[in-house]
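Two complexes come next, and they have one chain in common, subunit A, joined by subunit B in the first and subunit C in the second.
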Partner chain A sequence: MDTLLHLLLLLVILLNFFLLGSSRLASCIRTTAFQGGILSLLPLLAHGFSGHTLFLASVAFLLKGIAIPYLLFRAIRQVHIRREVEPLIGYVPTLILGTLATAGAFIFSGRLPLIPEHSQSLFVPVGLATLATGFLMLISRRKAITQALGYLIFENGIFIFGMLLTEAMPLMVESGVLLDLLVGVFVMTILMHQINREFSTMNTDNLTSLKE
Partner chain B sequence: MNNMENNLLALLLLLPFCGSVLAFSMPSDRLRPLLLPLCATPHLALTFLVIQSGRPLTTANGWIGVDPLSRLILPVISLLFLGCSFYAVGYLRCRIAWGNRTFVGCLLLFLSAMTLATISRHLGLLWVAVETTTVASAPLIYYNRNRLSMEATWKYLLLGSVGIALAMLGILFIAYAGLAGGEHVSLQLDDILHGAANYSRPWLRAGFVFLLVGFGLKVGFAPLHTWKPDAYGEAPGLVGALLAGGLTSVAFLALLRTLQIMDAASEAVMAREAFLAMGLLSIAFAAVFVVRQPDFKRMLAYSSVEHMGILAIGISVGGIATFGAMLHLINNALTKGVLFLAAANIHRRFGSKKVADARGAISLVPLSATLFLLGFLAITGSPPFAPFISEFTILQGVFSNGHFVTGGLFLFFLAVIFIGMGSTVLSVVFGTPPEKTGTGYENYRDTFATTAVPLIMLLLIFVLGVYLPDPVRHICADAAALLEVRP
Partner chain C sequence: MRITILQLFLHLLLLFGLSPLLSGVIGKTKALFAGRVGPPFLQLYFDIWKLFGKGLVISRTTTWIFRAGPVVGLAVPVLAALLIPFGPVGAPISFSGDLIFFVYLFGLSRFFTACAALDTGSSFEGMGAVREVTFSCLAEPTVFFVFIVLARLSGSFSLDAMFGPTLAASWHTAAPSLLLILVCLFIVTLVENCRIPFDDPNTHLELTMIHEVMVLDHSGPDLGMILYGAAMKFLVLGALVVRLFLPVTTGNIALDILLFIGGLLFMAVVIGVIESVMARLRLLRIPQLLVGVSLLSFFSLILLLR
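Let's turn to the complex of A and B:
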C-alpha cells in the first residue's frame, strides 16, 4: 500500500513538471485531469477503505478527474485555442523555477515541526511542491485557461496537504469545498468564452484597461 | 437549543436559497425582480427573531450557531440587502431588456451564502460559505457585459479564488496545530477555542498568517486590495453597495474568528500587531489613491479600503476602540449603501463615472447629488452622522491606550482622504454640467424608486449619530466583549 502511495505521489510531481513544460492546452488539461484522478485515490490508500474515504474518493474523482476537465475542454473547443504561446516567463525558466521550488519543498518540509507519524510522509513536500507549481503557472501564463489550470493545481496541492487531516474535515464540508471548485471553474469557463468573443483571443494581457 | 430556534436558522438559510432556485427557473423578466424584496423582507424579520433571543444558539453538532458577533453582522447584511432589493426592483425595471435571470438568482444565492458565513461555527463551513460568496458575486460584477466588467470579473474571480485557497491552507494549518499539540482534531470553533491553549505555536502562527492573507484579500486590506477598485467600479451600484457593506463585513467576521482563536491561544499580541500593520497600510494606500481620483466609483472603493483599515486598527488597539470598531462596521455598511446607490444614479444620468464627464449633478439629479454629498460627509466622519461617533470612539481608544504615533498617522491620513474625496465629490456635485452627454439616459430623473432607499439609509445613520438606541449599543458591546483579551 505504502509503496503504491509513494509511487503515486512521485507521479504527481512528475506531472507538475510536465505541466510547467507543456505548451499544448489539451495535454495540459488532460494532465491536470490525470493528476486529479491520482489525487482521488490518495484517501483510499492513505486511510484505508471506509465510507468516508470511499465517498471522498468518488466525489474527488468525479469532479477533479471528469467534470472540471470536461468544462475546460468544452471551453477550448468553443474558442479554438490549442497552444499557449509566449508565456510571461519562458518554459525553460519556469521548469528551472519549478525544480528549485520542488527541491525547496523537500528541504523545507524536513525542517517543519511535524508530528512523528508524519515526519517521513511525502504528503507535505509533495503538497508544497504542487502549491508552488500552481502558483508558478498562475503568475507566468497569459491565457485565461492556463491561469485557471494554475488555480486548479494550487487547489490540488492543498488537497494533498489536507490528506494529513481527513478526520478534521467532515464529509459535508469536503464536498462543499469540491463543489465550490466546480462552480468556480464553471464561471471561469463562461468568462473565458466571453473574453475570447470580445477580444478574439484569450490572453489576459488585454485585461489591463483598469488601472490607476 | 430547542426545535423552533433550530427551524428558524434553517429557514433563514433556505429562504434566500429557495428564492434563488425560483429566480433561475422563473420565465418572466418583469416579475422576477419582485422576488428580491419578497425574500429580503421575511429574511430581515427572521433575523430580528433570531437576534432577539438572548441566549447563544447552537445546533446539535455545533456547526451552526448565533453568537454576539453573528448578532451584530446578520442584521447589518440583512438590512442592507433589503434596501438594495427594493432599489433593485426600480433599477431592473429601467434595464428590462438586459435580462435579469442570472442577476436576481445570484443576488439571492449571495445573500444565502453571506447568511451561512455569519452563522457558521465551523471553519470548514465558513470557508465554503465565503468561497460561495465569491462565486455568486462574480456574475453580479459582470452584469454590464462589457470589456471593462469582464476584466474586473476575471481579476475578482481569480484573485478571490486564490486568496480563499490560501485561507483553506491556513485552516488546515490550524487543524494541524491541534494535531501537533495533542488536541482532538476538529475545525469546530468551540472545540478550537477550548483547546487552543495547547496548540502547537509554529503551526498556529503560520495558519494565522495564511488566514490573514486569504480573508484579508476578501476584506480588501492593502496591498491585497487591487481587485477592489476594478470590481466596485465596474459592478452596478447596488452590487457595489452589497460588496462594500455586506461582503467586506462577512470577510471581516472571518478574520475576527481567527482573532478569537489567537486570543484563546494567548497569541493576541502577534495577531493584534498584524491587524494594526494591515490597518495603517490600508489607510495609507487609500489616502494615496483617493487624491485626484478621476473616477468617483473607484474613489468609493478606496474609501472602502480605508474603512476596513479603520476597523482593523480599532480591533487591534482594543478597549473602547473595539466597541467603536463594532459600531463602525454597522455605520460603514449603511453609509456605503447611501454612497454607492447615489453614485449609481449619478452614473446613469451622465453615462459616465469619470469626474471629467459627470459634473454639476446637483442641477440635473438634485436629490441623488445631495445624498452623495451628505454620504461623503458622513463617511469621512463629519458630525452629526454615525460614522463620526464610531471613528471618534476608535480614536479615543487609540490615544487612551498610548498609541500616539498610530493616532497621529490615523488623523493625518483621515484628513488627506477627506480633502482628496472632497475635491472629487464637490466637482461631481457642483461643477459646471457638460454640454452634452449622449448616453441615452438624458431623460433619467430622480424617482422615488431610486432615491427612497439611500434616503432612508442616510436617515438611519443620522439617527444613529444623534441617538444610539440601547439594543444597538448592547449588540456592539456584547460583540466587543467577545474580542477582549482575557489575561
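Let's turn to the complex of A and C:
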C-alpha cells in the first residue's frame, strides 16, 4: 500500500514536469485530469476505506477527473485554440525553474519540524512542489486557459497537503474547497469566453490596457 | 589471472560477434510492423564484409584527420566496452573514477567524427557536425547524473562496481530513483545512437539527418569501420541499460550470459517497436526534450539524497 502511494506521488511530480514543458492545450488538460484522477485515489490509499474517504475520493474524482476537464475542453473547442503560442517565460526555463522548485521543496520539507509519522512521507514535498508548479503556470503563461490550469494544479497541491489531515478535517470544509474549485473554473471559462469575444484572442495581457 | 583473460576474451567475443546482430533485430521488428519481409538478421555483417573488400575514394581537400575519424570511431567503443560489465561478466579493466574516462572516451570519438566531417569542407557536413555536438552536449549531464546516482548507491566510483552485484539490492531500497534513471539512460542510448525519435538512421534528407550526414564522404573500409563502431557503441550503451534493467545473477555463468544476450535482443525489439510507432521529433523540440531528461535525472538524484 505504502509503495503504491509513493509511486503515485512520484507520478504526480512527473506529470508536473510534463505540464510545464508541454505546449499543447489538449494534452495539458488531459494531464491535469489524469493528475486529478490520481489524487482522488490518495485518500483511499492513505487512510483506508471508510465512508468519509470514499465520499471524498468519489467527489474529487468526479470534479477533478471528469467535470472540470470536460468544461475546459468545451471552452477550448468554443474558442478554437490548440496551443499556447508564446509564454512569458519559455518552456525550458520554466521546466528548469520547476525542477529547482521541486528540489527546493524536497530539501525544505526535510528541515521542517514535522511530527514523526509524517517525517518520512512524501506528502509534504510533493504538495509543496505541486503548489510551486501551479504558481509557475499562473505566472508564466499568457492564455486564460493555461492560467486556469495553473490554478487547478495549485489546488491539487493543496489537496495533497490536505491528505495529511483528512482525519481531522471536517467533511464540510473539504466539500467547500471542491465546490469553490468548480465554481472557480466555471467563472474562468465564462471569463475566457468573454475575453475571446471582446478581443478575439485569449491573451490576458489585453486586460491590462485601458479603453478609451 | 586466467579469469581475467577469459573475461577479456568473452567481452571481445560478445562485442565483436553480437553488435551487428542488434541492428538486424531492429530492422526485422520494423519490417514486421510495416508488413514487409525486411533484410535478413545478418545484413549488417554482410554490409561490413562487403565494405571492407571495397576500394577507397578520398577527397583531395582532406587531411589525415579525415582518415582518423573512422579509426577512432572504431577504437573508442572497444576501449569503453572493457570498462563496463557485460551482464554477469565483470569488466576486464576497472579503476576508481573510470566513469569519467568512459564518458569522455565517447566525447573523443565524437570530436574526431565531427572534425572529420568538417575536414571535408562541405558546409552540409558541418551542419550535421553542429547538430551532433549540440545534442550530445545536452545529453551529457544526464549520463553524469545517472552515474552519480549509481555511485551513491554502490559507494564506489568504478563502473564495474556501480553496475555490479550491489545493483540488485539497490532495487529494493531505491526503486523510484533507479526506475527514473533507467528511463533516462534508455533515452540517452536512443540519442547517442541516432535512433528515432531523435534522428532517423535511414533518412537521407538533407534537412533532417544528423549523424548520417557527417559520414557521407566516407567510403569503403572507412565506412565499414564507422558502421561497425556505431554498432558497438549501441551494444556498449545498451549493455548498461540491460544491466540496470536485469541486475539478477543466477550463479550459473552460461545461463547469465544467455540472459544478458536475451536482454539485449529484447531491448532491440523494444527500440524497433518505438521506431515503428513514433515519428521523428521536430528538430527544435529535441533540445527541449533533452533538457527535460537531464532535469529528470537530476530529480532522481534529489529523490535519492532526501
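The definition used in the following text is that the second predicted complex is superposed on the first by the 209 of 212 C-alpha atoms of A that agree within 3 Å, B and C clash if a C-alpha of one lies under 4 Å from a C-alpha of the other, contacts with A are read in each partner's own complex, and residues count from 1 in each chain.
Rule of thumb we're sticking to: a contact is a pair of C-beta atoms (placed from the backbone, for glycine too) under 8 Å apart; a residue touches a chain by one contact, two chains touch by 3 or more.
Values in this document were obtained by computation on a predicted structure and should not be read as measured data.
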Problem set entry | Fit-or-clash call for subunit B and subunit C when the two complexes are aligned on subunit A | fit
Exercise. First (subunit B), second (subunit C), both or neither: which does A:Gly162 touch?
Worked result: first
For this session: Please work out whether A:Leu54 is in contact with subunit B alone, subunit C alone, both, or neither, and reply first, second, both or neither.
Result: neither
For this session: Scan A:Ile139 for contacts with subunit B and subunit C and give back first, second, both or neither.
Result: neither
Problem set entry | Touching partner for A:Leu4 - first (subunit B), second (subunit C), both, neither | neither
Exercise. With the C-alpha centre of subunit A at the apex, what angle separates the C-alpha centres of subunit B and subunit C, reported to the nearest 10°?
Worked result: 150
Exercise. On subunit A, which partner touches more residues: subunit B or subunit C?
Worked result: B
For this session: Go through the superposed model and pick first if A:Met188 touches only subunit B, second if only subunit C, both, or neither.
Result: first
Exercise. Between subunit B (first) and subunit C (second), which does A:Phe154 come into contact with in this model arrangement: first, second, both, or neither?
Worked result: first
For this session: Could you say whether A:Thr102 touches subunit B, subunit C, both of them, or neither, answering first, second, both or neither?
Result: second
For this session: Determine, under the contact definition given at the top, whether A:Gly176 touches first (subunit B), second (subunit C), both, or neither.
Result: first
Seminar exercise, completed: Overlaying both structures gives a minimum C-alpha distance between subunit B and subunit C, in Å, of 21
Exercise. On subunit A, what residues does subunit B touch that subunit C touches as well?
Worked result: none
Seminar exercise, completed: Within the complex, subunit A is touched by subunit B residues 122, 124-125, 127-128, 131-132, 134-135, 138-139, 142, 145, 147-148, 150-155, 157-158, 161-162, 165, 168-169, 172, 175-176, 178-180, 185-187, 200, 202-203, 229-230, 233-234, 289
Seminar exercise, completed: Counting only contacts in the complex, subunit A reaches subunit B at residues 112-115, 131, 138, 144, 147-148, 151, 154-155, 158, 161-162, 164-165, 167-170, 172-174, 176-177, 180, 183-184, 187-188, 191, 194-195, 198-199, 204, 206-210, 212
Exercise. Can you list the residues on subunit C that touch subunit A in the complex?
Worked result: 175-176, 287-288, 291-292, 295-296, 298-299, 302-303, 306
Seminar exercise, completed: The subunit A residues in contact with subunit C across the complex are 3, 6-7, 10, 13-14, 17, 21, 91-92, 95-96, 99, 102-103, 106-107, 110, 125
